[in-house]
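I've put the structures underneath this note.
Two complexes, one shared chain (chain A), two partners (chain B, chain C).
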Partner chain A sequence: MLSIILILFTSFFFTGIILRTKSITSGRKGPGILQPVSDVKRLFRKGSVYSETTSIIFRIAPVIGFSSVLMACLVVPFGSYKGIVSFDGDFIFFAYILALGKFFSIISAMDTGSSFEGMGASREALYSMFAEPAFFILIGSFALLTGKTSFYEIFSSLHLGSSITYMLGGMAAFVLIMIAMIENSRMPVDDPKTHLELTMIHEVMILDNSGFDLGLILTAGYLKFAMYGAIIADFFIGGLSLVWAVPLFLFIQFLFAVMVGLIESFMARFRMNHNPQFILALSSVSFLIFLGVLLVLEKFV
Partner chain B sequence: MSFITINNQQSVPLSSIPEMTYDLFFDSNITLIENHEERHCVLYFAFRETGNIRLICCIADDLQHNILVSSSLVSSDAVLNSMAARNLSFEKFEREIHENFDIGFVGHPWLKPVRYAENRADKTKTIPDYPFFGIESEELHEVGVGPVHAGIIESGHFRFVCNGEQILHLEIQLGYQHRGVEQLFLEKKKLIQRTTLAESIAGDSVIGHTTAFASLWESLSGMSADYEMQYSRTIAQELERIAIHTGDLSAICTDVAYQLGSSVFGRLRTPVINFFQEWCGNRLAKGLIRTGYNPYPFNKALADRLIAVLDAFEPDFVEMNSELSRLPSSLSRFERTGTMKYDQLLSIGTVGMSARMNALNRDIRLSHPYGIYPDLNHVPVMKHHGDVYSRVQIRKEEVIQSVSYIRQLLKKIPDAGAAQEIPANLKPDSFAISLTEGWRGEICHAAVTGKNGELVIYKVKDPSFHNWLALALAVRNNEISDFPVCNKSFDLSYCGHDL
Partner chain C sequence: MALINIILIILLSAVIAILSANTTGKGIITLSAVIVIGFISSFVAIQALTGTSYEVTFTGTVIFGKVPVSIDALSAWFILLINFTLITGALYGFNYMKRYAERRSEITLHCIAFLFVQFSLLGICSVQNGFVFLLLWELMAISNFILVIFNHNKPDNIKAGINYIVQSHISIVFIMLGFIYVAFKTGNYNFEAIADFSGHQSTLAGTVLFLCFFIGFAIKAGFVPFHTWLPYAHPAAPSHVSGIMSGVVIKIGIYGILRMLLLIKTDYTTIGYIILFVSVFTGIYGVMLATVQHDLKRLLAYHSIENIGIIGMGIGIGCIGLGSANKWMAILGFSGAMLHTLNHSLFKSLLFFSAGNILQAAQTVNIERLGGIIKKMPKTSILFLISAIAICGLPPLNGFISEFLIFGGIYNWLYSASLLSLMAIIFSLVGLVLIGGLAMLCFTKAFSIVFLGNPRSVMADEVIETGFWQLFPMYLTASLMILIALFPALFLNVLQGPVNLYINPVDFNLNFIEVASVKSLQIINRLFAVFILFVLGVVALRKILSRNKIISSAPTWGCGYGAADSKLQYTANSFVRSYSKLAKPVLDIEKTDIVVDEVFPGVKHYGTDPYDKIERIFIDKPVKLLNRITELFLFLQNGQLQRYILYGIIFITAVICLPLIAEKILTILKFLNNL
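Entry: the complex of A and B
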């Protein structure tokens, strides 16, 4: 229960902090932290426009996308406190419920019949596919380390052994930050600020969405960021009491948002054909974690 | 002699241009240009003359610093051998002549409409029926972008044929910005109307086009601009180069999502164009250049302000550039993207910055110097890779070069000369051509006058006219997601092309 409240709470500020960081680094004052929330509120009050070439899939996809993210949030625990739902193998549920939302957003982009959106859909599908092994090797390694198979049990028993787990946690945080950037279509893989359809990935898929639907898609994006932030925080707050865990959680989320803002300010986006290499490189970092786990467990023959 | 040799901004009697049969005209111009890298066609146009069509071709010789002009009179239903079949740089000129006068060219690759001019010969051809080149295949897909774009840019349509993410072919179809500029030059009778018209040909090359117009007019009226006028025009031209190049660097950074570069270059551009506001009351320098007199003479107070602006500009500009050229992520987007080879550039007649990006030396300031450029001993900035990075580097070095030219000029400010009497009529039955080097490349204005000194035809050629094809060729085999940065690194003008 605590985790979903905290995730919802941070999602209000997350994108605002990224935008503010980017504004400050480029010498501007920037919009208020809550501006993205106001944007969504405005969109929710608007009606949607639907293209005549689209079918029912285009209309239901934003809702499915949003609910898939919400359901994924439910299984995320808060340190040693369970998420609302917790069962053995819930991290597999987590990955594939998100994939379901993504699947619908891809076919809804195809549904519009626009050549831009088809291009965006193919890019998004490819990059998600490459990102999947990184996530599973990562979580699988921790499952192997702890001998548990649910998020809650993995995180609550993670730091009971040696302190080498903090090092593994650091590496895991790196992989998860990058996965979060890919899943949220941020730099260096995608440029959320661009107006150029030809270079977009995620933005181009939602070109035809408007009003309430667009609001849902944006909200899902904010939630996703906070959700990944929560998982990253979970790697560190497992054994702590609430008094320490809650501020640390918020601090990690804040740090994560500022980092995203800094990355987006001080580097250029990757060339499109370098993205797969970069994403596959994440899998190799995950694999290092896996080797680290084997080392800890003394399973090397 | 099958041509007359004239200098830049010189007017000659129309009768002194040798007239010949089309076959001779064809041979003479092809011989001039083939295997002569120093020569290129600056203008090839046609106009009606007592029921016939007169063709005039101007070939610029960069080494001899002159322009070789020849002409031919053909009947209005003529079908001629295409010069483009021998030398591609005539391709667009022949398409334009075909569009306006319905003259056929045998052997031309494809006589497509250029800009759907108001006064075109065949009004049944309309923009919706533009004949695109297509490749039929199950594996390939077409992507159409525009004419309305997501950013605040002008309208033009880009049709890509792609194999997945890879561009196989790009066709650029323009004409949406056509305003009938050349026709308006004939219809508007007052000099001030014509001057403002020249200022409005392309909003980012106000100085380049207005200088070309003013010089042409002065030449045709037998006046000559005094040193002080040339001085102001040169400072303005170099300032325009600094401003637009810096703005382009900002836009290139935006297109690769490099926020720091985008905002720093954007900020650096503003004081430079604001200086124009202080000087003449307009940030785009409209109103600064007039024929026969200088409405805003440069003075000591302006010079002090300009030095202050440049002193603040230069260190930041240099620092940001060294950041940009050290950043791996931006280099990986710039290098080997949108590459053009020397031979390609030469064959399609590319001019200006886009030619200099791969060792093709086309710079009017050196090859056909005008105004006070001879005193500056200009050495063109040349690059040798022809990719986006070369175009970025050219911009950087040209800005620094222009700053040094301005500093050099500011050391000695001439006194304002007296306004000259502007003759009511131009020289009768004359032809004049005026070339200037705008920031984009060579800007060409030409005019022919009738027996009472009235304008018979006014021709404008923006560098974009040639260079759009260079962009279409440069993006081949690149990723489609790299198109925006390629496009911006050329930064060609839609309205300069469409007129």
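Entry: the complex of A and C
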């Protein structure tokens, strides 16, 4: 229960903090931290325009995308406190329900018959496919380390052994940040602020969405960020008591948001054809974590 | 005993009735015979699943000897899933074939072959004698061949059919080799003999015997590299036949593998690793090729290969679980494999039936020429979408359930793992995830290019929705899929019987609910319901919030360009272009490049044609070599009838004389020896 409240809470500020960081580093005054929330609120009150080419798929896709992120949030725990539900293999459910949302966002982009949106959809499908193995190897390694197979059990028994797990946690955080950047279509892979349709991935897919639907898609994006932030935080707050865990959680989320802002300020987007290599490299980092776990468990003897 | 006789009588009287009826009558007779035989055999199967297995011994003839027939839980599971797809297939085919009503004699043959396919499939599942098994296997291969080449006026279809029947016979050779080897050693063709024999042999002999059977069954099931017949046969066949072939006929290969695992007592770990490795390779290779196909039915055929890979992974994991005495792993592996067999037979037949609807409406299944069909054929489109989501293994549909069980098996394996098996775990984990990701790429492509956007050709623009009775069997299949997704516990309970056969010693108190992953499924179930509630809630919220708002429609945003037409849309080829560039080393895509050298270029064509690299290496090269050798004897075939008669005479004389001459030589040798 705690986790979903905290995720919802942080999602209010997350994108605002990213924008604020970006404006500070570029020397602008920039919008307030709650600006993204007011954007969504305004969108929710608007009417919408639907393309004549589109079908039912286009109308249902944002709803399914949003609901899938919400469902994924349900299984994310808070350190040693369960999420709404926790069961063996919940991370499989987590990854697959997010994939369902992506499936619909891809076909909804294709539904418009626009070549720009097709381009974005094709890229999104490819990149998310490459990002999946990294996530599964990562969680698999920690399942091997702890002997548990659910998010909650993994995180609550992660730091009972040695402090070397914090190092593995650090590497895991790196992989998860990158996965979050890919899933949220952020900087090294995709540039949300680009002005040319040909260079967009996610933004170009939602060109035709408007009003309530666009608001839903944006909200799902905010939630997704906070959700990945929560998983990253979970790697560190496992054994702590609530008094320490909540501030640390918020701090990590804050740090994550600032980091995203900094990456976006100081890095250029990769060339499109370099993206798959980059994403595949993530799988090898995950594999390194796996080897690290093998070292810890002394399997190499 | 009586039941088998009843089935035989129904079959024979149906065949006789088909011969004399008119075209509609033939269809009705076939349909009702399939349904009646289906219900009788399902009745026996259900009894077997609830504990009373059916066992009789046929007195047989001089040739076969006694033929034991028995239906245990494993047979029963396969009989049930075969019957379901055959009945829906027959229902669909009945309406689908109405277009060909004027082709009377072909329809007669088609109907009879259909009945024989059902009979042989059911027979294969229940007979316990190698000799009769092979006969039925042959009957199935031939009747399937007749079904495939229904549209024989296209030379490509005949070619595909011949390709199928040749490879089927290679499969028979391997299976026969296995049976004959055992019969040679024990003098008995019955299945018990295999169990007895392998129990007293070294593990190496057992493994070799199993591999012999495995190769034979793998050709039927479509494991890479034995898959090359499949992408030709499925598109060539009429759509209901494709659905049946992909849904159940290739599954009979899986049944064979599972049956042999029960019979052959050997080192399960080694076998498990072999099956797992082949399966992961099969899965990835199948989906990699599926992604670049332009022909919808061919694309689906490659997806069958992929799903056979997933099923094989479950079997492999189950075997390794057996070998390492990891009970939960074995249970999860086998139940995942068997449930996925059912699941795949459902969504794949549904996909093929949808493809059939499109083929009849638009006269083409080349996805580059389709588009925008969802507006004209909404029901077919939604059915296709449901099965596409299911085949990608996405929640909340049945594909997710079986893949979840297989994932559970892999994660269960983690605890008892050595360094080597850890590598295998990572390999299979990455394999399964990549298969899922690629399937998603492929089906987003297939669905969106075929059904969404604007029509890419006139044919796609003029389609009309299929009639209710042709859609009816598709609704049946879709509802069973949703039933599995919502109540997996029901089906897992049924699966306890067949899975229990593998657990050694048989654990009668085995309750699937104890398995952690199965417990999780109960929760996931409820989460599905929550998910649907969420979706409905958000839709309602949108309704409420946009009550007084202006909802208008306008053309798609064209980046300022207003005259965008359907030709500007993304095509299937461009959708997977970045993928196919990455996968270039594995794929074999022929491009016909265009060179523009005139000042005013005319109409130019550019095309890509994906080809199977493994086929090039394993099939085309040996065939070319064989051709070169046989060409040396070309002079024998010179078209003169007299010569051919001469060959016949020479042959007959040789057959008669050779033994006599051999005898003479032997007596001479004996005589010399005596000297």
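Here is the rule we use: the second predicted complex is superposed on the first by the 300 of 301 C-alpha atoms of A that agree within 3 Å, B and C clash if a C-alpha of one lies under 4 Å from a C-alpha of the other, contacts with A are read in each partner's own complex, and residues count from 1 in each chain.
The working rule: a contact is a pair of C-beta atoms (placed from the backbone, for glycine too) under 8 Å apart; a residue touches a chain by one contact, two chains touch by 3 or more.
In this text the structure is predicted, and so the values were computed from the model without any measurement.
> Looking at the overlay, what does A:25 touch: chain B (first), chain C (second), both, or neither?
The first partner, chain B, only.
> Output check: A:116 vs chain B and chain C. Expected answer is one of first, second, both, neither. What do you get?
The answer is both, since A:116 touches chain B and chain C.
> Output check: A:271 vs chain B and chain C. Expected answer is one of first, second, both, neither. What do you get?
First partner only, chain B.
> Pick one for A:191: touches chain B only (first), chain C only (second), both, or neither.
Once the two structures are laid over each other on A, A:191 reaches chain B alone.
> For chain A, which side has the bigger count of touched residues, chain B or chain C?
Comparing touch counts on chain A for chain B and chain C gives C.
> Identify the residues of chain A that lie in both the chain B contact region and the chain C contact region.
115-116, 118-119, 122, 197, 272-273
> Quick one: in the complex, what on chain C touches chain A?
Residues in contact with chain A: 371-372, 374-375, 378, 385, 389, 392-396, 400, 404, 407-408, 411, 414-415, 417-419, 422, 425-426, 429-430, 433-434, 436-438, 440-441, 443-445, 447-449, 452-454, 516-517, 519-520, 523-524, 527, 530-531, 534-535, 538-539, 542, 545-546, 549-559, 564, 566, 568-570, 574-579, 581-582.
> Looking at the complex, which residues from chain A come into contact with chain C?
44-57, 60, 63-64, 66-68, 70-71, 74, 85, 87-90, 92-93, 96-97, 99-100, 102-103, 106-107, 110-119, 121-123, 125-126, 128-130, 132-133, 136-137, 140, 143-144, 147, 149, 197, 207-208, 211-213, 216, 272-273, 276, 283, 287, 290, 294, 299-300
> Given the complex with chain A, which residues does chain B contribute to the contact?
So the residues of chain B in touch with chain A come to 141-145, 150-151, 164-165, 253-260, 262-263, 267, 327, 329-330, 332-333, 337, 479-484.
> For chain A, which residues are in contact with chain B within the complex?
Chain A residues touching chain B: 22, 25-28, 115-116, 118-119, 122, 187-188, 191, 193-199, 264-274.
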